[in-house]
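Read the structure below first, then the notes.
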Amino acid sequence: MLAKVKSGEMALDDAVARLIGLPYQEMGFAKVDHHRELRCGFPEVVLGQGKTAEQVAAIVQQLSSASDRVLVTKADEACFDAVRQLVPDASYHPVARAITVHRGGEEPLRPGIMVVSAGTSDIPVAEEAAVAAEIMGNVVERCYDVGVAGVHRLLDHLPELQQAKVVVVVAGMEGALPSVVGGLVAVPVIAVPTSVGYGASFGGLAPLLAMLNSCAAGVSVVNIDNGFGAGYLAALINR
Amino acid sequence: MLAKVKSGEMALDDAVARLIGLPYQEMGFAKVDHHRELRCGFPEVVLGQGKTAEQVAAIVQQLSSASDRVLVTKADEACFDAVRQLVPDASYHPVARAITVHRGGEEPLRPGIMVVSAGTSDIPVAEEAAVAAEIMGNVVERCYDVGVAGVHRLLDHLPELQQAKVVVVVAGMEGALPSVVGGLVAVPVIAVPTSVGYGASFGGLAPLLAMLNSCAAGVSVVNIDNGFGAGYLAALINR
Amino acid sequence: MLAKVKSGEMALDDAVARLIGLPYQEMGFAKVDHHRELRCGFPEVVLGQGKTAEQVAAIVQQLSSASDRVLVTKADEACFDAVRQLVPDASYHPVARAITVHRGGEEPLRPGIMVVSAGTSDIPVAEEAAVAAEIMGNVVERCYDVGVAGVHRLLDHLPELQQAKVVVVVAGMEGALPSVVGGLVAVPVIAVPTSVGYGASFGGLAPLLAMLNSCAAGVSVVNIDNGFGAGYLAALINR
Amino acid sequence: MLAKVKSGEMALDDAVARLIGLPYQEMGFAKVDHHRELRCGFPEVVLGQGKTAEQVAAIVQQLSSASDRVLVTKADEACFDAVRQLVPDASYHPVARAITVHRGGEEPLRPGIMVVSAGTSDIPVAEEAAVAAEIMGNVVERCYDVGVAGVHRLLDHLPELQQAKVVVVVAGMEGALPSVVGGLVAVPVIAVPTSVGYGASFGGLAPLLAMLNSCAAGVSVVNIDNGFGAGYLAALINR
Amino acid sequence: MLAKVKSGEMALDDAVARLIGLPYQEMGFAKVDHHRELRCGFPEVVLGQGKTAEQVAAIVQQLSSASDRVLVTKADEACFDAVRQLVPDASYHPVARAITVHRGGEEPLRPGIMVVSAGTSDIPVAEEAAVAAEIMGNVVERCYDVGVAGVHRLLDHLPELQQAKVVVVVAGMEGALPSVVGGLVAVPVIAVPTSVGYGASFGGLAPLLAMLNSCAAGVSVVNIDNGFGAGYLAALINR
Amino acid sequence: MLAKVKSGEMALDDAVARLIGLPYQEMGFAKVDHHRELRCGFPEVVLGQGKTAEQVAAIVQQLSSASDRVLVTKADEACFDAVRQLVPDASYHPVARAITVHRGGEEPLRPGIMVVSAGTSDIPVAEEAAVAAEIMGNVVERCYDVGVAGVHRLLDHLPELQQAKVVVVVAGMEGALPSVVGGLVAVPVIAVPTSVGYGASFGGLAPLLAMLNSCAAGVSVVNIDNGFGAGYLAALINR
Amino acid sequence: MLAKVKSGEMALDDAVARLIGLPYQEMGFAKVDHHRELRCGFPEVVLGQGKTAEQVAAIVQQLSSASDRVLVTKADEACFDAVRQLVPDASYHPVARAITVHRGGEEPLRPGIMVVSAGTSDIPVAEEAAVAAEIMGNVVERCYDVGVAGVHRLLDHLPELQQAKVVVVVAGMEGALPSVVGGLVAVPVIAVPTSVGYGASFGGLAPLLAMLNSCAAGVSVVNIDNGFGAGYLAALINR
Amino acid sequence: MLAKVKSGEMALDDAVARLIGLPYQEMGFAKVDHHRELRCGFPEVVLGQGKTAEQVAAIVQQLSSASDRVLVTKADEACFDAVRQLVPDASYHPVARAITVHRGGEEPLRPGIMVVSAGTSDIPVAEEAAVAAEIMGNVVERCYDVGVAGVHRLLDHLPELQQAKVVVVVAGMEGALPSVVGGLVAVPVIAVPTSVGYGASFGGLAPLLAMLNSCAAGVSVVNIDNGFGAGYLAALINR
């Protein structure tokens, strides 16, 4: 039938068709979007913070019934305990504070993503980025504690940096590392400000503003402490 | 000689070698970085704002003596007049407020970049993004005035959107468009907040914060009104 | 007597008469405004936060001695325990964190209010709005977890949306949902930003600013997390 | 045909049907939304600020070719001159800085809206609200310069206030007037902060925050200086 | 000798003489200023917050050895326990969270100060103001819970208000009460914003800005929650 | 009649009586409050900024028809020209940017007010304070350019300072002067932050915050650049 | 005489003696502090901004009558014209926007100060620092346009950097340069944020916060655009 | 070898040589920079906050294996317990919350540094500055509780102040002390804002802005509560 509508409206119908068919699971407190994996290439990711452990566990159970890969971010151990009750093959990444379900055969992993962090305290956010990129099928190169006040530590890693296809740079305090990295590579740099610091850091505002004002082209920014967002975006770019 | 240093230090030497050799042109008020094209894939871009017309013209002359492509952003007509004196084949893009020099044979252009804007007033920033991506060798698809308050206008363009490899989304006011686009595509979305609006927009702070908090994964953000940064990054991703 | 004052002052007297007669109950730490129900159509609502459980309980006792409907917002369970000692027929709504007293015969309920929320974590604020509207005599349609990153979930509810007489839209993060809803309906939209989120959400500042800058006409905004305010206003509009 | 699709998908189709059919006029720099009048009850309103006079004039010409009522806000006289060239029956409201086209027979006007302003300097924003409400078919009662530092001036108008069905309250400086009005009436109050003031007003931030924190229930807020938004919303509520 | 210095320098010497002679007690972590009572009319007041209970107790002991009146603000019960060990006749005011030592015969108290508060939650700050004014020799009239959303409660107290020589007005949320009071009286109004509220109150920023922008003349402002400062200033004015 | 109402309502009636009788002059764009002089001891003061010269002139004409003293603040010379047309005996104070009308016999002036300013650039605001206090019947002692970086300049004026009954302290930049003055005197100090400065002054935010956090008791603050407010308050205190 | 006061008070007297003797010149709108040169090693510096050209000229005339070196900052050409009328041997530095008077024999200049700037647009502030340091008797090494996005340009100057005794680093945008410099040198680094940039630079807030959060030890910060402050401090350190 | 490269590249090589040779210890979560002591004159300092006690202990063990002096800041007692397990000769400074290792013979200490604090609550930050300066080989003069509201307490210490070669001034609240000190001495003043205070202090923002706007030349600022940064910088200046 639809094939018979007049040609000028066809584009609209395509759009409609793509939109309509999307199924989701009504859970009362959540509408789990099963079609997202088809539409965006990865199932919905669950932000653990602000949800009860029970809510997270129920959502993970739903998602994992339809997908081989599930990711929960900013989840504490209590949350993981609840998930493990319902989904026994879930894993916990304590530094990244992430829960993953990763089933199925071994597909080949894509190299090309490097995660760089400025200080020791930025590692949890960097790990969140790395775990997110890994579950999306990537090998992640890590290079931690290379802040700009000892720039030789970064330069020592220049060869690896320059082989990356996309670089995630995680930094708190003055947030200068993405600019320095951005001047050394010819690939996209995803900057992640962290709330590490005190005083005039104002919860990560200082590195956020610095990164947005980066004088290096090719740098874009995600939310403060949003390691997941950076890792996910890196995976999209690396496809 | 360097080949004879002991193997453990070799990585460092590589780094050094890459860093040292970079030539630049000392101009007193500027150090023009001729090597940048090799290092980052595109010659240094000139921010017109905050420089005198004479400074811009001199820098463009320097850059265009060594490169076939030059880009100046946030430049007014007076600035272009000064440039044209020294570089007669420069062009001016009045909506984007950009000056370009683009010489040489016709290389094939890469498709894949789409620039979407929310309102009519956001077009100058969107055009800055488009011009930047074009001079880096891309065909740019434009889709303007598709703000979220009339979401059907965006859905009408869903097929083109879903064929893009990277989408630049430009929006002022509440900055909601990147989240909606991000939920419809499976590719990187670069969000550009604009200073369009008044009152509690606070010069673009409102859309900036909104975009940083986007609930759609795959969205990253550049500075307010930084169309160039988004276009440049889109070109890097589209390579 | 007052009828004899000269005509020119009559309007003033009307005003005075309305103001003067308003009785209230002096409790030392509070002046309970019994006349408010006549003046504004609903008895004074108690903000639980910032008061001791004992103060809340005493105020509820006072109010419930003169009115059939009482509402306390942002009250924890300890607060409810104190209230229940003095007012045994009070109820607690744990998700909304609200205490209600609702006595008397069954008046017919008014349909027309819909409460929409963007994410699972926004539900407590949405429920506060719903409970407030319900105690004021309304049937409330709920539609939760329909954030803009999966816009098809919202579109699925378009028919209900378009039958509402007023829509309360609750969203944290980028706060984009009210603009999308506002573009789809021809009725007032009351936007409630929530403090859900982290980093550059800055405690709800991001969605607050976004909602204030909404490009959709017909949208107004209440305080961050102020579900009650939105539900109350929706009830006024729905009268 | 569509009637034959299976019942479970029918709701979706309804939604789709409503979305798809919406026509708009592609103008290159704008997509004029002719269907908006059907969908939202009033044609698209044009924000003059940030557009060239020529863009505004062309959009008004388009809109007025399909609708009897057009409204442009924040437009200066030069903008009106350009509009008048193309649409000779347009009118200019200099205090409100609004352009209107209002054709057709005399429909009866709805009473019920009152616009109250705190100071003389708030009048332009108040007038923008009034003009917006009037073009949507309402009679607007005005009550200006009744700031809280001389509260008797407001009380003198209490009878009119208490007959309104919705009240728009415009105030700069400390923004206290909506709270006082909200305590006196039992109808929705739409608060409009203005950028009137200096110093710690911070461009209207002070009254904006005050209004969001109003202790009076039934108050909601629109953007700083957004008289139009308040007038439009008042008209929606008054329908 | 000093009398012999030439007349032109004499003013300087006066200044010097007043400055030099001021004795203070070196305590290592504090320099207790015994002369302050002569210079400013009241001994140094101790801010309990940010000091250890032991530090507070030692300072109070020092001060009370040389003065009949001592005041500690923002002190919890643990702090009072430490003070009571060293200064047995100290008293604690639990609502105001203040410690006082008040010895000596009965001097006559000065009437003239009224403390007004907008809501029940503002009472602790209001009490801090009242306690401060009382220990400086004043009778304090209290009028609590008279917020602007029920303005008749304030008007009921107009006669007392208009007999005050100075009025302290304590309010959180929108901070409108000082403007209304300031328009009703012809005496200085000291406005105290409180951190009561949530969301866009931003810890008291909303009422602070509102009060600074008060349209009523004769209003000045002290720090958020600084009841002491207001009570002390009221006492100075009432002298 | 009113004397016959029962005693319990009498207080209310007093309040009402005071409120009702207040006459004002309706001017369309303003309601001139003639009774204010009785109620608050001084006629309404006109803020010139944000009003047209014609509006100011008309208001001044109204006020000066009923009062011997009129004050307009933040008025430029063009505004004064318009006023002079209608009120020939008005005067202009160019440094303070104030217009005054001051008629009638010579009442004796009250000494006791001192205005102190930190820098040369703060003088316009200091003069606004002085002019306001003078028209309210006070002699004003001025002491300018005594900033804290050369504290001996202030100490030289200590004797005059210590004879004042109230001190207005005007300062931009770090806003430290009120704290130093407040530690030297035993009378109320009214602090006026100014927008003098650049960079991190943020339009006067820096001295505003500093003054609100003053460690000296007896200091209160008015709006940035609000010299009038300080002068008016000083006059109230000095009565 | 003073020698006879008892030894314990001697320190106080010394203090007093130093304070009292300080002469200054009363100019009505300014108190020129002639003694400052003795006390602080350099005569008072005049901030041109916020003063009239006439005021600046009069102050310069006063200062130059008693000192061989005078500095005016943030002065435009009109200001210099007024100064030149009264002080013919004054000079103007157009890039730095500074006026200097520098008389007398040739004392030997001290090397040791280096001024580094990130971008071409930062040069005016850098020059203000250099001019200030020069008039205080220093040779200043300049190194401009060495921003972190091309870090090799900075490394090329490492030898000079490492010979400096104090380094002034001027940067706008992300303000990262001081951290990188601070990690390369073992001397004090004075960081100067500039207002160069747009959007989320927020007038220099971004580099200011970045510099305050520098991860390199030995870095301190002055006000946005305060080149003078940095140059003056560098001269103090270099003594 | 390197000696043979052509002269023009020699400067670069020097730079390179200095950079390359820097050894560091890869610890997985940290790269300990052993060469920093040579490069910057003091080994890397460890910020305890944001690291686990185990991480701090391991880093201290590493650093103390190669250096005689180690400093950890913002470390609690639990952190010290972990350090003491691995490095038994470490010491804890409870007021400063610092851990130090200080071995080796007695080198002579340099006088010249004075640490001044405004209030008792600022002492922990002042002590952090003092401990940092001491471990770098300085004698530190302390002068605490000399806030500007009792300026005579500061003047009493003027002789010591004027003998210092560099002064660290620590202050919360209005942050005025550095300006007063800066006007009294002719040496560098390092200002440290503290988060001491409440309300409009906004976590130290108030004194931070005040110090940045200091009218006294020679003042620079470090991060809020960054006593270490000030002490370290003072030691650099005092060398």
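Think of it as A, B, C, D, E, F, G and H in the order they're written, each chain with its own count starting at 1.
Please note the rule applied: a contact is a pair of C-beta atoms (placed from the backbone, for glycine too) under 8 Å apart; a residue touches a chain by one contact, two chains touch by 3 or more.
These numbers come from a predicted model, not from an experiment.
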| item | value |
| --- | --- |
| Pair with more cross-chain C-beta pairs in contact, given B-G and C-D | C-D |
| Equivalent interface to F-G, taken from D-F, D-E or C-D so that over half of the residue contact pairs match | D-F |
| Distance between chain centroids, defined by C-alpha means - subunit C, subunit G (Å) | 57 |
| Length of the line joining the C-alpha centres of subunit E and subunit H, rounded to whole Å | 37 |
| Cα-centroid distance, subunit B relative to subunit C, in whole angstrom | 46 |
| Averaged-CA centre spacing for the pair subunit H and subunit B, given as whole angstrom | 41 |
| Subunit D residues counted as touching two or more neighbouring chains | 12, 16, 19-20, 150-151, 155, 183-184, 197, 199-202, 205, 208, 212-213, 217, 223-224 |
| Subunit E contact footprint on subunit F (complex, rising order) | 11-12, 14-16, 18-19, 39-42, 45, 155-159, 162, 183-188, 190, 208, 212-213, 217-224, 228-230, 232-233, 236-237 |
| Touch list for subunit D against partner subunit B, complex | 19-20, 22, 24, 28-31, 33, 36, 44, 47, 49-51, 55, 59, 74, 193, 195, 203-205, 208, 223-226 |
| In the complex, subunit E residues that touch subunit D | 118-119, 147-151, 172-176, 179-180, 182-184, 197, 199-202, 205-207, 209-217 |
| Partner subunit H, residues of subunit A touching it in the complex | 120-121, 123, 144-146, 150-153, 155, 196-202 |
